[in-house]
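Below, each structure is written out as structure tokens.
You will see two complexes here that share chain A, one where it goes with chain B and one where it goes with chain C.
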Partner chain A sequence: MSSQLSFSGISHRFGAQEVLTNISLEAPEGSCVALLGASGSGKSTLLRIAAGLERPSAGRVLMDGEDVSEVNAEKRETALVFQQPLLFPHLSVVDNVAFSSRMAGHSRAAAHRHACEYLELVQLAGYARRMPGQLSGGQEQRVALARALARQPRILLLDEPFSSLDLPLREDMYELLETIREQLRPTIVLVTHDRREASVLAESIAVLDHGEILQHGGVAQLHHQPASRAVNRILGGLNEVPGVVRGGAHHSPLGRVPVPADTAEGPALLVPRQESLCLTAVEGAQALGRVTQVRASGAHSLVRVALDRGPEQDQEQAAVAVEVTGSPELRPGDITGVALQNPSGWTVTR
Partner chain B sequence: MLTAAPAVILVLLVLGAALIMVGLQSLGLMPVFGEPQLSLNAWADSTSLLESAGVSVYIATLSTVLSAGLGLLIAVYALTAGRGGRLVAAVSAATIPIPHLVASGAIGLLLADAGFLARLFGMPEGFPQLVATQWWTAVILEFAWKESAFVALVILGSISRSAMALSETASTLGASAWQRFCHVILPLARLPLVVSGLVVFVYTLGSYESPWLLGPLAPEPLSVRAVRLFGSTQLSARPEAMATALTSVVIAVLAIAVGLLLVRRSGDRS
Partner chain C sequence: MSLSRSEVSRRRRPRWRVRTVLPLLLGLALLIWIMLPLVPVLLWSAAGAWRAPDVLPSSWTADAALSLAEPEVLMAGVRSLGLGLSVAVTATVLGGLAAFGLRGPTPGGSPASTRLIGFVMLTPLAVPPFALVMGSNVLLLGARAPSFLGVLIVLTVTALPYTTYMFVTALASYEDRFEAVARTLGASPAQVVLKVRLGLLMPAIARAGFLAFLVGWSDYITTVLIGGGQFITLPLLLGSAASSTGGEQLTAALSLAMIVPPVVLLILLARRGARGRTSS
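And then the complex of A and B:
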């Protein structure tokens, strides 16, 4: 059922505006790749090109190495689940799920039997005779997923399918998608602007910004080793500590932090994630600073600290955000120590 | 419900009063002169009345079918053909404000034996007779031209937001262009098609200008017969005019009832 999907040098224009620039990306067979970016970054356009709903201005779409750029959507063997369920309002749930089988020429009875298997998979077997208007938002999206899977696509394309659902329903859908992946092993390309969703569902994330892929890599790699400030920000990183890389370490108000050996020497920003920093006692602290803000966020709190200048005179003023569990007994103006939980750090220069 | 009451009461008052008067006049109970006397004389010439009713239903049915078909095609083209489609929709919509009287005159000048088209083709002997023919061709074409734009507009207004997205969904599920038309666009357009078709049928049933200008002298459709008898110098013809108008109303009411039944069934299914 699943295939490898590749984009090779895809560019796309809407009139004079270029929305995608030389995109090359691979989604290995059976994997889940997330396209993460803000609105207008071009991620949905890339998905529509994969589905055959848009023809790229340049470049090729390959499925298992075969160029399918000129193949129409109906013959491309992909299925797309949109942000809205887009169930056919004149068809019952089972007829919606049986739609692709009916279009392929199967009898109504055979198509219904086939559809019922997928309705069971999404735990909606008892809703087969209902009309779309009689379903909740979550149920509608499950039916949309079952309908797409019933097409038995080589590639399953998901365009922010859970963004209109509330949080508990979203968690249910994540679990459902996990079950589907275990049972059917489809290749999935997921478009989302939610970095948490991308991290939970995908093995790798391609970060898009203004029609370009800024970085494609594993979830941990993107979070802890971003290629640029933009990637760090899109992945929710709040810290950019200016300093200098010298002698295998980054020197900044956060102190001397070892960096990978191949890091170029010179000015660079240390990008420790807020979850990788911790607050320490003042005595013997790696770095000291003054608390500027404490903001509670559920079970966690975000503490912003303006770091003291280090011993080196040329160091710039820096501030960091530290995520701590619970509610710390700190107020703005308090002095605190700050330290990295990891022995080494990661820097970016752009 | 209560908020609609003032409008409903007003309509019922005007329509009810008019229909009661028409009914009474057709039965001789409200004569222009003389004593009221119950009489079925106005309904006596049932052959002529039935013939007129047949002609009216024939014109309205064909006009409705043609308008609905053309309107659906225009709407589908406007939805799927991008800029070209929008241009067609705009040109079609531009026909709506043209009065039927003007449109009928234009169609007459275009399709008559010595009209624009006949002259364009060098007035060949075989040029078909389209105006004042027993098949009411020019009348039906005029109605189809004008009303198809109305049908297209109603369909576009009802389904344009959902049709494209659902059509794209269908294509990702393996539906060809024809299958998308049959299994997505047509079912979505069914309700606005029935409703606008109903409006077109009732309108063309009662419309006077086009059949009067472009149709043969006989047989007369109900609308032309009613106006002729009403304007007759013989005031004794007035009850016959009212009987003719009332027949038109009865057919329209029956058409509306059948149409609403279809709409309700359509609603039940979806």
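And then the complex of A and C:
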């Protein structure tokens, strides 16, 4: 069973400090919404409010339209998985997973049968009798996930659940979560500071900064059409090319780049993602620049280019980062052409 | 010059041996140090006659062991057990509550007041037991408290610093988010306390209870002075036997009887702890 979760005008204070300001957000039934932000942005507090572990200073939490703000955590039908698995160390794996059934008054045998179904789902059926201390980090997190799912929550809340795992284990957990979503269709609210994790797992991302939602939208929208410089940076965008919007295009050292028709005219920053730019031959290039740095990053390299000033006298100096496959045969000081791979661009003004 | 893998392994082996053997030797030495004083006690408990400079008793008897089954000794054992368990329960509960109170700033309190309360709670460790007991005795006589109750109250105060310290140490690493997880899994506040908090603190409860049991089980001064000779426990019988001449056999048998219950309790707790860590 899954439900729609809505936050309506949520604000929260710890003493004099306001940690959340007028948050309104919806997680449709069966969807996965990621709350993305740096430490201290208020995302975990929002999750605790959703779980009923904190009462908001103002605003309402709604589940399927019903106000649950005053409902205690144990009655709220949510389940929370933290970064640390927090398996009860005095209970075996199966007793951990059976915990919610036991709390609901089911017999030990029935609770164990129910728990074993979820252990099977996370591929740990053979580990039922072990104690948490006998599991690896990845196995512990799988059990924590099984324990939360065995509660059959209307909303599954995940607070950076995979960030303590190494990369291969994290990939396994992503696959597992995908399987769980296919089979159970839970509504998931995922808190993470990892934009890649948010992009891989969620359909939509809400970017939080200093207790405010800067933007909530689809993964592609947030990456390519950020609402502000802050969102662009939080989503890993490295480029902010100053220029002017005039006549349906942005004019900058990158040249004339068409922008959406409803873009306001005036000074604006073009924010092409580093993956959306490419290096070209000098002849006939959209823009020219001098390479200032080449940094290898696995199968990709990041090339930083100081762009030449454009023909217009008032254009500011600009630099861009371009992500290229492999290792380019370029050295700092070389001249290169730079071009946008997309026919149009996106600008922000703040 | 690079070393082959077998050469590296050969060179490492002596260090591996030292790391393995040294703790074993130290553990063995510690065991001997603890167990060695028990050897003469064991021998005396079954000795008929044992005169210097004989290395071993010249005759053997079970009289001292049989005397442990006498009603007076059995009753003293029951009283000691009752006192030990009562002190364990009372001091463990109060120590746990005190530690929770000391854990953070109390409502309306400050870290400074918390430290002050902590200091006051630990003062019985600094006050000589005799002074503590004499002062308490006057108060308890005035209050006409029954001897068992009086002994229990004073021994609980004596044991409280130990139990409080055990809980304070355990709570320092206690993770509140376990309780948050339990609540989101449907546990009511009472279930959180019973199924999660008590479970997580069980090792500390066991350690605190064991220490407090030892305080009650092995006490002599408080039982003599507060009990006024009315409340006879095993340590009182042991003291009496030890102070009389020619009572070495009974003294040894009573000493062994004093040692056995705590050791059994310790083994049970250790086994339970080991079982908890490895399987359900």
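As a working rule, the second predicted complex is superposed on the first by the 350 of 350 C-alpha atoms of A that agree within 3 Å, B and C clash if a C-alpha of one lies under 4 Å from a C-alpha of the other, contacts with A are read in each partner's own complex, and residues count from 1 in each chain.
Assume contacts are C-beta pairs under 8 Å (C-beta built on N, C-alpha and C of every residue); 3 or more make two chains touch, one makes a residue touch a chain.
Owing to the predicted nature of the structure, the values given are computational and were not obtained by experimental measurement.
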| item | value |
| --- | --- |
| Fit-or-clash call for chain B and chain C when the two complexes are aligned on chain A | clash |
| Touched partner set for A:79, first chain B, second chain C, both or neither | both |
| First (chain B), second (chain C), both or neither touched by A:94 | second |
| Partner chain in contact with A:319 - chain B first, chain C second, else both or neither | neither |
| Comparison of chain B and chain C by chain A residues contacted | C |
| Which of chain B and chain C A:129 touches, first, second, both or neither | second |
| Among 6-14, 60-68 or 240-248 on chain C, the segment whose C-alpha atoms clash with chain B after superposition | 240-248 |
| Overlap of chain C and chain B interfaces on chain A (superposed complexes) | 51-53, 72-76, 78-80, 82, 84, 86, 88-90, 99-100, 102-104, 131, 147-148, 151, 157 |
| Residue numbers on chain B that touch chain A, as the complex places them | 162, 165-166, 168-176, 179, 183-184, 187-188, 190, 269-270 |
| In the complex with chain C, residue positions of chain A that touch it | 48, 51-53, 72-76, 78-80, 82, 84, 86, 88-92, 94-95, 99-100, 102-104, 129-131, 133-134, 147-148, 151, 153, 157 |
| List of chain A residues in touch with chain B within their complex | 51-53, 72-76, 78-80, 82, 84, 86, 88-90, 99-100, 102-104, 131, 147-148, 151, 157 |
| Partner chain A, residues of chain C touching it in the complex | 175, 177-178, 180-188, 191, 195-196, 199-200, 202, 276-280 |
